[in-house]
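Structures for review follow.
Heads up, the next two complexes both have subunit A, just with different partners, subunit B and then subunit C.
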Partner chain A sequence: MRIIIEEMKKIFHPVMMLIFVLINLLMYYIFIDFDVTVFPNGRPATDMYNIGIEMVEKYGYELDEDELKDFKKVFRQEINKADKYIQADQEFAKLGITNYREYQEMRNGDHENPAIERLSSRIMFEDGVDLFWEIPERENIIEEMEFVNERYGYSYTDGKLTDKQELRIQEIVQSGTVNAIFPAYPVQDNFQTISHSIAITILVSVIFMISPIFIRDYKNNMFGLQYSSKIGRSLFMKKVAAGMLSAFIITTFLIIVYYGMYSTNDIGMFLESEINSFMGSVYWYDFTFLQLILMTVLLTYVIMLSMSLLAIFVSSICKNYISIIGILLPLFAVVYWLIKTRALPVEAFFLTRTQWEIGIIYSIMIMIPTAAISWKVKRKQRIDITD
Partner chain B sequence: MLTVNNVSKNFGKDSVLEDIQLEFSNGVYGLLAPNGAGKTTLIKMLTTLLYPTKGEILFEGQNIFSMGENYRDLIGYLPQAFGYYKNYNPYQYLQYLAALKGISKQAANNKIPKLLKLVALEDAIKKKMRTFSGGMIQRVGIAQAMLNDPKILILDEPTAGLDPKERVRFRNLLSDLARDRIVILSTHIVSDVESIANQIIMIKDKQVLVKDSIQAICQKLNGKVFETEMEFGQVQPFREQYLSLSERQENGKMLIRYIAEECSSPNWNQVSPTLEDVFLFEYQDQVMEQLK
Partner chain C sequence: MRILLYEIRKVILSPVILALTVLFLGFNFFLIYENSYIKDDLRSINQLAHMYGTEINAEMLKRMQSDYEASLEKVNEITNSVVSKKYQNMDELYSDRTFYIPEKFSEKNIQLFNNTALLDFYYNNSLHIEESFLSRDPIKIAEYELKVYGISGPAAELIRSQFDNFSERYKEVHENNEYKHLFPAQSVWETHLLLFKTMFKALLIESLILTVLVTAYIMNFEFDRGTYLLTYSSKRGRKLWLDKFCASLITNISILSILFVISLAAYFSVFSYKEFWHVPISSYFNAGKEWFMSWWNLSFIEYLAAAIVLAYLLIVLFTLMTVVLARWIRNSYLVFFTFLCLFGVIFINQGLFPNSSILFLLGSFTPVHLILNSVVWFMQRAITFTAYYEIITIVAWFVILLLFVMYCTRSFRKCDLK
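And now, the complex of A and B:
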């Protein structure tokens, strides 16, 4: 363990730590800060978020038939309030609008009417009247719930469903899971973006910290002393262990820091909500939002540890930093693309994503670095140390 | 006893050492040969960094590669141009190597100040090694080789970067250490081993040319080393006829030391051969090649 600690001291050298902090500050302000400080992002995201909170507080995590009736009642009350607002406003009277329905019909039917556009702009953006933002969202929620059998899942799949996908949708609908209250927009969308940014930031940090593990010794001409000491060629495995332990510590630290920041987004009330909700997406698995977050963290660990192992291997075969960058940069680009498009939940578990594909991606991600390191360990025992 | 038994080493198709047969018991052994003769290859095999292509190396009858860490625990090694971390101070550096050598932190804490005192670096224990001179770095290297109190001390070109005072100090240190251990000192600088080595090993044409005491080795040139004075104009034709070992100006003439089969002039003074004379004689082709 002492050798592992000594190797970790080199990885966590103060100069490296300083650059690590600078990288993270930069990455945070470029990629993460916005999704933490600006949530919910504008309207109607804020209105959906507020309606979601109201629903969870009032109805719990599921919306049953009686609760839907109550929700509709609230919706009608909101429309009444909007009617009264319209009747009290002179500009609506000038345009001959006497209630919300007339306003909505004129707005939907006459996009070219500048007077309607000006009025809408005033009440929506200048005055920021909540009613006019919330009513369409409430209406959407009611429609999605009422037409759940016809619509749920289809909008995400362009109507082309495989038998398995069809079965999965039916399973969610028939089991009643679909009644879950979970405002995918903006809660899931925000989590999706921020989980990508966090994973990419951790990936950059881990690769930066771990990559010099062998090249540092090679550049400093240390191999002769290291491999002729008592530990001998077993040092290679100790260094791999030190690299992996360091990668685990860095990943854990950054997950705690960044997901700690994410927790300030006040999404706690949705943690127990099922993610297969009539208000959102269809997943292959029956996860709660908390379980989705935990799966994301778990898969983030898998990606980071596999990439660390790969970075350790690359470090052990390269003779200079330029060649390390030359090899790791394309690999980083591939993993970046995977994180952005398919490797992490939310996308990984979407109904549109075939699960064997995800299985293959992770199998390759784990097996290639493991095989490469195993080969290197065996080879290290046999070869001459000439460097 | 450390035994090198018919060891050969090839790198690909290139043969570097062939049928090396050596035995080491306590004492100082000077491994003397020009650059590129295979000294470092032999030393790297003795430290288990290289595997012999043929033959075996035994310590107390056991193959050193089978002994693994039990053997490496017995050796102290100072490689040629050895490595260090520039941001480390000697204390951190020796602690790291102590960990690799399986020495406990507490034992290393006791040992490191003593070793640094031995190599006169006790005042630089907390200074970054990037600020050290070549001689200071070399002394840290000697200290690290001594960390585990090795039974076999293997030093590859250990005096590189040391000033004359440090060289004398280093030789004295080695003489003390060699009383109860094997010290193998590889060098191409004859004066490094001349005064301290019990035996000299010379490698030539991939094989052991000689392994003997300095006195016995010098016997080989007995009666063949001469000195004479001559005018400067006579030097060039003289060089073409005889192997010149050293030349220096004295009293407006050139004093030349050389090798000849027999005394051909009353002006020639026969002198006692030194190890350097033998070295230059044996490696005259390589030496001339290097001089070109």
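And now, the complex of A and C:
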């Protein structure tokens, strides 16, 4: 145990810590800050988010038929309010518009009319009237709910579904999970980008801290001394353990810090919502949003630990710092691409992602570093001390 | 001389640098392959340009028109005989949903449709090119950019004071008909984006990574190997530092050349630019969302050459930067990550200043901003308000970094080795 602690002291060297902090400050500022401070981002994201909160507060986590009726009532009231707004505004009268429906028809039908475009850009962008932003969103929600049997799941899968996907959609619709209230548009999308950025930031930090673990000893000509000591070659395993423990500590620390920052985004009311909602996308599993976040954290751990094991292996076979960076860079690029496109939830559990693909990705990610390290352990037992 | 060669040999024989170079080349080939679906279209556009010349003028438009009408008639004959319908233009044909059944037409007919559609597109756009060009007011675009970036106060004043140059250049392009040339259209094929964003950015970032690795490796070789006490106390001694410096410059430039020559050779052999080498880069067909005319009257090949020269200068700048870091940090691993941090700090420096201050504008005059924005090099833009943006940046940073390097050379001569 003492050796592990001493090894960890070497990993958390003050100079390394300094650069670690600098890397994290920069990456936070460049990649994460925006999604934390600007949420929901602009319109109609804000309106969608507000409607979502209103629905959850009023109806709970599911929307049943009575509640849908009530929601429609609110929608009609909003239209009435918009009608009043239009009647009170002189400019609408000039264009001959007396109510919201007429306004909408004119906008949809007549793209070339600059007067109506100017008017709508004034009320939407300059005055920022909430009503005119919220009504289309509410209309969308009602439509999505009413046509849930016909449309749910199809917009995300360009219409071509396998039998299994078809079955999964049927299952969600028939079990009523689909009635869940979960405004995927700002909430899930925001979580998706921020969880990617967090994973990549942690990945860079962990690789940076762990990679020099063996090469440091090699550079200082320590191997001769270490191998001939009493603890001898089993030191290798202790160092691996120290590296993995440090990686775990760094990951935990950064996850707490960054997800702590994410928690200031005010998404608490949606944590209990089912994610397979008519307002969102289709997943292979019945998760609540909180479970989805926990799965993401779990898989982030898996990626980080497997990558640090790989970094430890690379460190043990390289003879100079440049080779470590040169080997880890392409590996980092591959994992970066995986994180950005498929390996993490949200995408990993989407209906469009086959689950065996995700399974293969993770088994490779776990198996290759483990196999490499155990090969190295075996080799270390009998390798010539001068090699 | 021999020492210099040995220093270079250290890198060239290092398997990691070689492997990374090959890997990067492979990645560039992949990028080309991934976008190669436009290559047949580009060949047809070249044929078109070959037939009518690249310059748009009345005589050429007339020839285009008669050919287009003849071609359209042929198309209508075919459609009339097969689906008994006639069309005003190709748009109408393609948007007619009842019509499009490929099996009904032979390969040759479809080829004819495609060629006619291409002719239609180029003829109509060339016919209205002056109106389209005039509808794009550089001042209005600049004002819009100011609004998007939220620039106000003295910074906005400074940019507005350059508006005269903006409109002067605009007038010049209008008068000397630089914009009236055929070119693969940005709105459809996005070749400028492909070459100067996808390819150039990949090339630049790749050579940047190799530059930092190579420089850190050579400069810190003795410290990494623990041979520094021996080498620096020999007769040649501290002068080795200069050899190492030259060796890293030469290696970086060679690696950049290898990457550029092979990747661009592959690019231009896949995507044909045969007819367009001497077309001005400010051709209105080349206008994209973020750019539509360059500050100088450059033909495509001149623009490409200028871009390549700029790439070389940038790589030299980053070599100098790494050399300075490697002078003070005697561990190549830390040099690499410190460089990344420095790169990041320079990248976000504009966040430190309010949007109204002139420092905010000057914050974009860095090699980092240059290397990340190859797609708009030498183009007229509000945020980099002057025509000399690239030149000012390069010269200023060269002066600063050369001073630093000189100081490093001097201080290394007497520094403590332990």
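The criterion applied here is as follows: the second predicted complex is superposed on the first by the 386 of 387 C-alpha atoms of A that agree within 3 Å, B and C clash if a C-alpha of one lies under 4 Å from a C-alpha of the other, contacts with A are read in each partner's own complex, and residues count from 1 in each chain.
One rule holds in what follows: contacts are C-beta pairs under 8 Å (C-beta built on N, C-alpha and C of every residue); 3 or more make two chains touch, one makes a residue touch a chain.
It should be emphasised that the depicted structure is a prediction, and the values quoted were computed from it without experimental measurement.
Student: Mind working out whether A:Asn320 is in touch with subunit B, subunit C, both or neither, as first, second, both or neither?
Tutor: In the superposition, A:Asn320 touches subunit C alone.
Student: A:Val15 contacts which: subunit B (first), subunit C (second), both, neither?
Tutor: both
Student: Using the touch definition from the top, say if A:Tyr29 reaches subunit B (first), subunit C (second), both or neither.
Tutor: second
Student: Look at A:Ser229 in the shared chain and tell me whether it touches subunit B only, subunit C only, both, or neither; answer first, second, both or neither.
Tutor: first
Student: Name the contact category of A:Glu150: first (subunit B only), second (subunit C only), both, or neither.
Tutor: neither
Student: A:Phe208 contacts which: subunit B (first), subunit C (second), both, neither?
Tutor: Second partner only, subunit C.
Student: So in the superposed three-chain picture, is A:Leu329 touching just subunit B, just subunit C, both, or none of them (first/second/both/neither)?
Tutor: Second partner only, subunit C.
Student: Which positions of subunit A sit in both the subunit B and the subunit C interface?
Tutor: The answer is residues 15, 221 of subunit A.
Student: Which of the residues in subunit C end up touching subunit A in this complex?
Tutor: Within the complex, subunit C contacts subunit A at residues 14-17, 19-20, 23, 209, 213, 216-217, 224, 226, 331-334, 336-338, 340-341, 344-345, 347-348, 351.
Student: Residues of subunit A touching subunit B in their complex?
Tutor: Listed in rising order, the residues are 2-3, 5-6, 10, 13, 15, 216-217, 220-232, 234-235, 382, 384-386.
Student: Which of the residues in subunit A end up touching subunit C in this complex?
Tutor: 15, 19, 22-23, 26-27, 29-30, 208, 211-212, 215, 219, 221, 320-327, 329-330
Student: Would you tell me which residues of subunit B are touching subunit A in their complex?
Tutor: Counting only subunit B, the residues touching subunit A are 44, 47-51, 68-69, 72-73, 75, 77, 79, 81-87, 95-97, 99-102, 105, 144, 148.
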